[in-house]
Amino acid sequence: MSETPLIGGATLAPVDSRLAGARIGVVTFPGTLDDRDAVRAVRLSGATAVELWHADTELADVDAVIIPGGFSYGDYLRAGAISRFAPLMTKIVDAANSDAKLPVLGICNGFQILTEAHLLPGSMIKNDHLKFLCRDQVLRVENNTTAWTNAYAAGEDITIVLKNQDGQYIADEKTLDALEAEGLVAFRYMGGNPNGSRRDIAGISNAAGNVVGLMPHPEHAVEAGYGPGHTGTDGLGFFNSVLNTLLGDK
Amino acid sequence: MPRIVVDVMLKPEILDPQGKAIVGALPRLGFTAFSAVRQGKRFELTVDGEVTEEILAQAREAAETMLSNPVIEDVVNVEVVAD
Amino acid sequence: MPRIVVDVMLKPEILDPQGKAIVGALPRLGFTAFSAVRQGKRFELTVDGEVTEEILAQAREAAETMLSNPVIEDVVNVEVVAD
Amino acid sequence: MSTESAKKFNMDTVANAAITPDVELPWAELGLKQNEFDDVVKVLGRRPTAAELAMYSVMWSEHCSYKSSKNHLRQFGEKVTEEMKKDMLVGIGENAGVTNLGDGWAVTFKIESHNSPTMIEPYQGAATGIGGIVRDIISMGARPVAVMDPLRFGAIDHPDTARVMHGAVAGIGGYGNSLGLPNIGGEMVFDSVYQGNPLVNALAVGVMRHEDIRLANASGKGNKVVLFGARTGGDGIGGASILSSESFDNSKPSKRPAVQVGDPFAEKVLIECCLELFKGSLVEGIQDLGAAGISCATSELASNGDGGMEVELTSVLLRDPTLTPGEILMSESQERMMAVVSPENIAAFEAVMEKWAVEYSWLGEVTDTGRLIIKWDGEVIVDVDPRTVAHDGPVYDRPYARPEWQDALQADTFTGSVQDAARPSTPEELKAAMLELVASPNMCSKDWITNQYDRYVGGNTALAFPDDAGVIRVDEETGLGFAVATDANGRYTFLDPYHGAQLALAEAYRNVATSGAVPMAVSDCLNFGSPEDPDVMWQLAEAIRGLSDACMVLGIPVTGGNVSLYNQTGTTPIHPTPVVAVLGKFDDVARRTPSGWAEDGQAIYLLGT
């Protein structure tokens, strides 16, 4: 028997004061679930996580924002429908659309909120099989030029966690064609479409590349031992990417 | 093609979490006129051809047995809409 | 107390996974008359007092902005029911 | 406040009860036996009011009072050594037991049943089962961190099994996933003995710092009693409309729902809200509202405290304004908590409620009278010694005897994999038997279920399905954590209840040990038929005796659990199914061992006998 622990501890990225200076906001709505995971992911990447509350009216000088997964307002009415009207969301939408192009990442419920807020096109409906599905999911990185994907290689396959009930991405054909033509499909499902999403789309970005939304969860794949296959850390690239963007490295 | 609309609502005495969340959110958007909200389901069943009495009876039965859960829901409406 | 009913359906061009599951299951229970099923939402908004034009306008606006997502859904009906 | 609605009832007050001793009361319809009703009258020295009757009838029910099992359950408290108790911070009797994990951390866990609600409405029944057990954990002062769900359904090819199973699994997922609690394990057994009585047991685990442990007691005269969370509706009091006799006017009581619909969003908010209360030390005592609702919360808080309590029932926020006082006392509405708050913390308490948009109402205060007084619009409708409601219920020594058929059952041996076939002897037969085994519904992959559960949320899940135990990291710095496994085998227990229960414990113990954890504590859910059947009562008595003996041998104490009786269709009981959960400790979860072969070339050993 080998004496090596099978999983690592919460090893922090090398302390780099430039990284720690980056303030990444993580928004909590009533019913948000993956906020603590997103905070941990930010911390593991070396940046400083700033907790934001949906009712806040200021963005607390953050350099980027993550809208994490969960069931904000229970997913009642429609996933993301009620959260979209939160005071902080107005600020986030304005900042994302401003010249400063605040980087915004919407994960799962966060993606749903971003579409409800019209920061990203399309919408999510119930999975075609109508069930909640939790599994390790392979994604292809289709666009590695966004604020949240530049640490990946174009065409790279990554494994992160998929878990949702309303994950079927839909948009009209014109929108889908435009997304494809402009290269705004950020991620596609590999190894079988898990929910009926049009054109296997798992995540998209806006034209400026600062806003990215996806259904699967990179924040659950940042620490060996607690992610896909007991070892996966493919999700770290999201957080490293935004640091590259903020530090002007990419 | 004619359709039969079936409306299903949670029984009045049953908690409706969705309606509760909606009624809480409406005033924040300035919609202050509503004291309660209940959210139910609307089914549209398409019929190829004419809606006979027999087909309407099928719809009513489907509404009671499959489209609604009689333990917690009521069928509040079954009607034909032509268009 | 009067209520305003708001009906919301997925746009016709969007495939409705719930409707599809239902239309697949109906024949197994002997309900063979229906060629398609779509499942939407029905909201009942309770108004304390009279339903004025202004309140109805509020309901219409709430229906368009919050109760439906115009990217995928249509508001097919807003009407007052008294009882 | 609601004096308007208060006027609608012509109250059966304590004063009224004293002068009208001969009023007929529906005690039998409420499930009380003649001797039990006589006891109530003796305890009170007068006939109970309608509201008091409501309280005694729910609190003295089998479900709340453990009247048939109490005499046997004592063994869990008696067969323990000092050594076994060394890590036990809170034992049986509180909402959930608490075990010391070290480094100032504590872990609390408990398993409970929600069997019959699931039969009636599978989705909501199972969902509210998760909701209920999670509130037990919160009320200890802990943050819930994981759930598990041992399940038993009827034959896989019976038409009703799909209804129950699909609904229950979706409900467990729907509620647990929405709470952000990883589901880290469970069981799935199909057997026709559970056709009319599926078993949905739900387990929750929570963690806390030692100083955050909260107990359900109301102490300190002048401290305020508050009810918060969901409004009170007519849920779970279907049979109680007969209490209409408490209102002597003609207005018919409205329909009362027989099933409860859960609101997981409300519960998630309640969790965060309670944790914020604990962090600010804003509550003196806290109790979740489960079965028996306000009856249970007020009487338990008051009787565990050092004084009494006085509350005004018209202050309860209602979802249904037509509820009568008795119904309000019995309502099982979900997602509610009751707390005791000292006057100087009221403002801070209210600020937390406002932040999370949780509704609350102040009901009354802690007194030093030793009495639980409940008023309706100022009139006293309940005046009792809370202990008599919460703790001094009836206890039965039900007759039991080894069934005559037990010998025949044990003599009926099983010879092969295919019924009536001989033991496989050729390689081909062995292969066929093997394939039949792995493809059987009880042995096949459980992915269909587990894929519907979130096992990742929280980022601390070190092991979940398909491993033998679920493992959660508690402290990121040190890697401190715990493992939990649940096991039961109804068929073994049917053959031999004493050893069957022990086997369940041994299996859960092994599953925890093989994950690399040190087993520390046990919680159990005893699913049996009717205790009024001496055969069943024998099974129950033997199972408890077996389990408690085995706990002594293994050196780990039972810290809590639940008994679910009357799981039978007509006179046919389910197989006796004691579900046993074992909790173990890791100094560092990095050392946990997954099941399955990790690398080519590793040697395979078979240990044990």
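Just so it is clear, A, B, C and D label the chains in written order, and each chain counts residues from 1 on its own.
The working rule: contacts are C-beta pairs under 8 Å (C-beta built on N, C-alpha and C of every residue); 3 or more make two chains touch, one makes a residue touch a chain.
The shown structure was predicted, so the numbers you read here are calculated from the model rather than taken from an experiment.
Q: Which pair, A-D or A-B, has more C-beta contacts?
A: A-D
Q: Measure off the straight-line distance from the CA centroid of subunit A to the CA centroid of subunit B, and report it in whole Å.
A: The separation of the two C-alpha centroids amounts to 35 Å.
Q: Once you find the CA centre of subunit B and the CA centre of subunit C, what distance in Å lies between them?
A: 8
Q: Taking each chain's centre as its mean C-alpha position, how far apart are subunit C and subunit D in Å?
A: 39
Q: Counting only residues that touch at least two other chains, what does the list for subunit D look like?
A: Counting only residues that touch two or more other chains, subunit D contributes 263-266, 357.
Q: Residues of subunit C that touch two or more other chains: which are they?
A: Subunit C, residues with two or more chain partners: 66-67.
Q: Provide the list of subunit A residues touching at least two other chains, using ranges where the numbers run on.
A: In subunit A, 73-74, 76-77, 82, 85 touch at least two other chains.
Q: Which chain pairs here would you call touching?
A: A-B, A-C, A-D, B-C, B-D
Q: Inside the complex, what are the residues of subunit A that reach subunit B?
A: Touch residues, subunit A against subunit B: 73-74, 76-77, 82, 85.
Q: In the complex of these two chains, what residues of subunit A are touching subunit D?
A: 5-10, 30-31, 33-34, 36-37, 40, 70-71, 73-76, 131-135, 161, 163, 165, 217, 219-220, 222-223, 225-227, 230
Q: Spell out the residues on subunit B that touch subunit A in their complex, using ranges where they run on.
A: Going through subunit B, the ones touching subunit A are 17-18, 21-22, 25, 28-29, 39.
Q: Which bits of subunit C are touching subunit B when the two form their complex?
A: So the residues of subunit C touching subunit B come out as 1, 4, 7-9, 19, 22, 25-26, 29, 31-48, 54-55, 58-59, 61-62, 65-67.
Q: Hey, which residues of subunit B end up touching subunit D in the complex?
A: 10-11, 13-17, 20-21, 24, 69, 71-72
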